């Protein structure tokens, strides 16, 4: 893929575009694409971003390289200050945390995520759990969702294991509707909910009703690809554009920040070869 | 007063005797008699006392000399650890603070104190305020009260300004009854309330009903002195004893801890000359 | 992907601010522009230590009015603000000079005359009210206060029955100061602050307030700040800061200087004689008569005083000698 | 004056304990005697850092049962405790190996088989529940959780209508762990602990728990502890401590040693193959087969491994090389 921009790099840039300058944003753990997106934003269009690192709670760190685990002094290197766990979550509860990044093994059309368990009644698969996502999803200003496993190929029986599902078995992180159809505002939640989703197939926003809407595709994906791999029918933006590729400086920045290509562990094996431009 | 033990030293020793080993105790600010009592206890019968210093919130400090103000690095010297303001008060609220020391311009027969204002309806005299006493009086395990201004001589018109009053104009720190006669236990307060009072005229405990009771006198004070200077009638213990004088080592310790005799500023001018033994 | 993403939840809650500017350094006179008439103000430090006295003198010179001061245990800071006519309400838990001098004369006068509304609080109540704001909650529970006259003084306190235990608890509403004024030993250009020694309520104030303005003894690099032990107030709480050496004088700001007890005794003696005497004997020469902090420092003895108050480092004898009532 | 003062309030509330003994030093095997079957246990550290692994291995060897583990984001610590059969309930908010290896195999098996009751929490919920205990309150309010399935999973969560704003709030009950097990870099004989780097939830755990037992890399004098920056867990929360060098291995305990990724990869590979394979491939050689921490250290490479994991200090290249999957 020499000379090319990879899928991972393009996703990182797409996530970075959801981050505004002069705001505070927090990446959780286990999320190298997001970690890199925050570092890219901070070093390009959002120099006054308050970057809070997941697990270490360092402020504006400058890690020499991306480590495969988040709560590592590598990831805290160069932080100008540090928070306690309680302070980080207080910031969100007090409305000071503008953006958080969440994912799930299931993501529904309202942007709710399940990282707790498969099986709505009987436990079929225990997932690692949501970390701070459940609280944060109700409190932060806005959320960027992401997944690198949107594509849901049919198996021999023609069955697909959807990542983007009609309904989550369990809502760990709340989007724009509860399982019984209530809106977060009815619950008095102050968070704005998810406003973007970046996947390996496309990018989405959420319409005024809070429903997921496709707004962008990669040069190698189509609306049909998205529809096929999505259990519900996403809305379509009037103008579904091609997702912009990152500038060369951004690509170079990502490669410098992540020399071990840790972020590619998030991608499906087949997607590691995808390249653009 | 060479060769003699002073009133201040005797009061300090009496306050120190209310402190048990293996407990946590906190002195507030503006209270050199109490500060010294804690240091005496820690250095004699209560080596495992958790001594929390008022204003600095240092743990087990070893000040080179007593300063006239509490929030001074002098008073924090040698602390083995430090608390934040919130942690100190959390300790009390969680039932971990065994003893606190409180006083007031008015102290009533139930051990409630007023450090807020004279004048029950119209403000006649604004006092400095209660610091943390209001909260602490409801939360700490037990309280030692003290005042060095119990004696209330009659003026030309035969009027006395009592320190120990029938009823406080304002209850800043709660004793065993509210102004309308409720017991703290009825309010769900977990603190044990005041169990001792040390004054320039005598020492007191509180009976099972929570009423102040005289248990000890100085060699130069009498029950009549106490009655005369007390607006209510304190109970009398079956055996009103003479307050023991501090051991020579304790006296020496106090003189070493307080070379500037800061604690005498708490005493009435006439009492600075009182000595025993 | 939209530049201004849509938001299906319709929340318009502004939230508490974060202060993200890259360089927050300014001058004392600019700094105090963040304090407005009628503000609820949290004053950092406590008793005789690390009070933001240079800021307070500048506020008095500027003629700021109708402040509601909230906090824990204070002394000359609130007393001077009262003398300067800046305060209309006090929600402090203590204002005085301990056993050193006793009651705070200007504060007393202002309360007793009715110029300042007395709204006394208590340290843990203040802590819990600030914590409520810090956690984005409308209130915090506490077990205490009920049964005292402090409860009756505050109609805004409520009670609830605990749904777990059935017991009654006190609820105290969130307090969000408009501005916290803080004096710290160190800060960096970004606004990270490092307080050495007891932080009193300053860190809580910083987290709970809409704005934080700080004077510091020294502005240092972030690297140096970390060598010193690191920020305890991260920059994003801080609106602006100014380097104001000796900015806590006459209160202490260790390790730079100890409490100026002779100056404070003079202050107290003047204050005790009445409002008029205090104006001519203290306010005029030390506040109104010094149009800058530099002029004030000259007035109180310049380098000699700074050196003298720094001599606490020379040993216990030298330190103890600072607590006499006359300058050495 | 009576020696046992009378108390007119009749309160018999025992309160939370303070641990006042003068010398709290003990050995690892004594230390774990403070953890009893059925305890609610807070495990310090998080993910791949500063987890009390030596304590955990000793607990498994001892055969402690029916623990309810509470906390925020964990990895090999909880996974190993599950493999050892020590856990009957998990109230953690995350147990896994992030993108490094993925899901936690032993934890998953224990949850899916029903051996471990799944009672997942969320970081801020845990924080608020610990804070409630720390403040002596029966509960804490939070704004979030309602509307998620996590709320439905926890019948002990309640709601209330705020008497100030009329809005609905979630209430989460106080959690008081019976014991917190913590690994810190430094401690002194009195039990003052100093954690360097991110404290995760350890300080909250220490304040909220009835007992704290700690292993530390080095026991130093209180003077030295203060030079290092001072205690962040004061001694009176701490029941006992033991000097256990490399006590967090294979998780990191900077500045002493980095995360042992090759060992963790081997752990994960064994765990992924099933309970039987994990027993023979990991539990037997590294836990049951090492009857002391010293034996474990020898087994994992002794001084060579310690030196290798300490080589992160030699520069970014050396540091980065530690994240490969084979020992250097």
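Letters A, B, C and D name the chains as they come in the text, with residue numbers starting at 1 for each one.
Criterion: a contact is a pair of C-beta atoms (placed from the backbone, for glycine too) under 8 Å apart; a residue touches a chain by one contact, two chains touch by 3 or more.
Keep in mind that what you see is a predicted model, and the values were worked out from it rather than measured.
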{"item": "Selected pair, greater C-beta contact count between B-C and A-C", "value": "B-C"}
{"item": "Relative to subunit D, chain with the most remote C-alpha centre", "value": "B"}
{"item": "Intercentroid distance (Cα basis), subunit D paired with subunit B, Å", "value": "42"}
{"item": "Inter-centroid spacing, subunit D versus subunit A (mean Cα positions, whole Å)", "value": "28"}
{"item": "Sites on subunit A at which at least two other chains make contact", "value": "82, 93, 139, 184, 189-190"}
{"item": "Sites on subunit C at which at least two other chains make contact", "value": "136-137, 142-143, 167, 169"}
{"item": "Of all residues in subunit A, those that touch subunit D in their complex", "value": "29-32, 55-58, 64-65, 67-74, 76, 82, 84-86, 89, 92-93, 114, 116-117, 123-139, 168, 170-174, 178-179, 182, 184, 187-190, 259-260, 262, 265-266"}
{"item": "Residue numbers on subunit C that touch subunit B, as the complex places them", "value": "46-49, 72-73, 92-100, 103-104, 107-108, 111-112, 118, 120, 122-125, 127, 131, 142-150, 167-169, 197-201, 203-204, 252, 254-255, 258-259, 261, 312, 316, 319-320, 323"}
{"item": "Residues of subunit D defined as touching subunit C within the complex", "value": "136-139, 141-143, 158, 160, 162-165, 167, 169, 171, 173, 229"}
{"item": "Interfacial residue positions of subunit D with respect to subunit B in the complex", "value": "1-2, 5-11, 13-18, 20-22, 133-137, 188, 190, 192, 207, 222, 226, 230-231, 234-236"}
{"item": "In the complex, subunit B residues that touch subunit D", "value": "14, 17-18, 21-24, 47-50, 59, 80-83, 87, 90-91, 93-96, 98, 110, 139, 141-142, 176, 183-185, 189-193, 195-196, 203, 205-211, 215-216, 241, 243"}
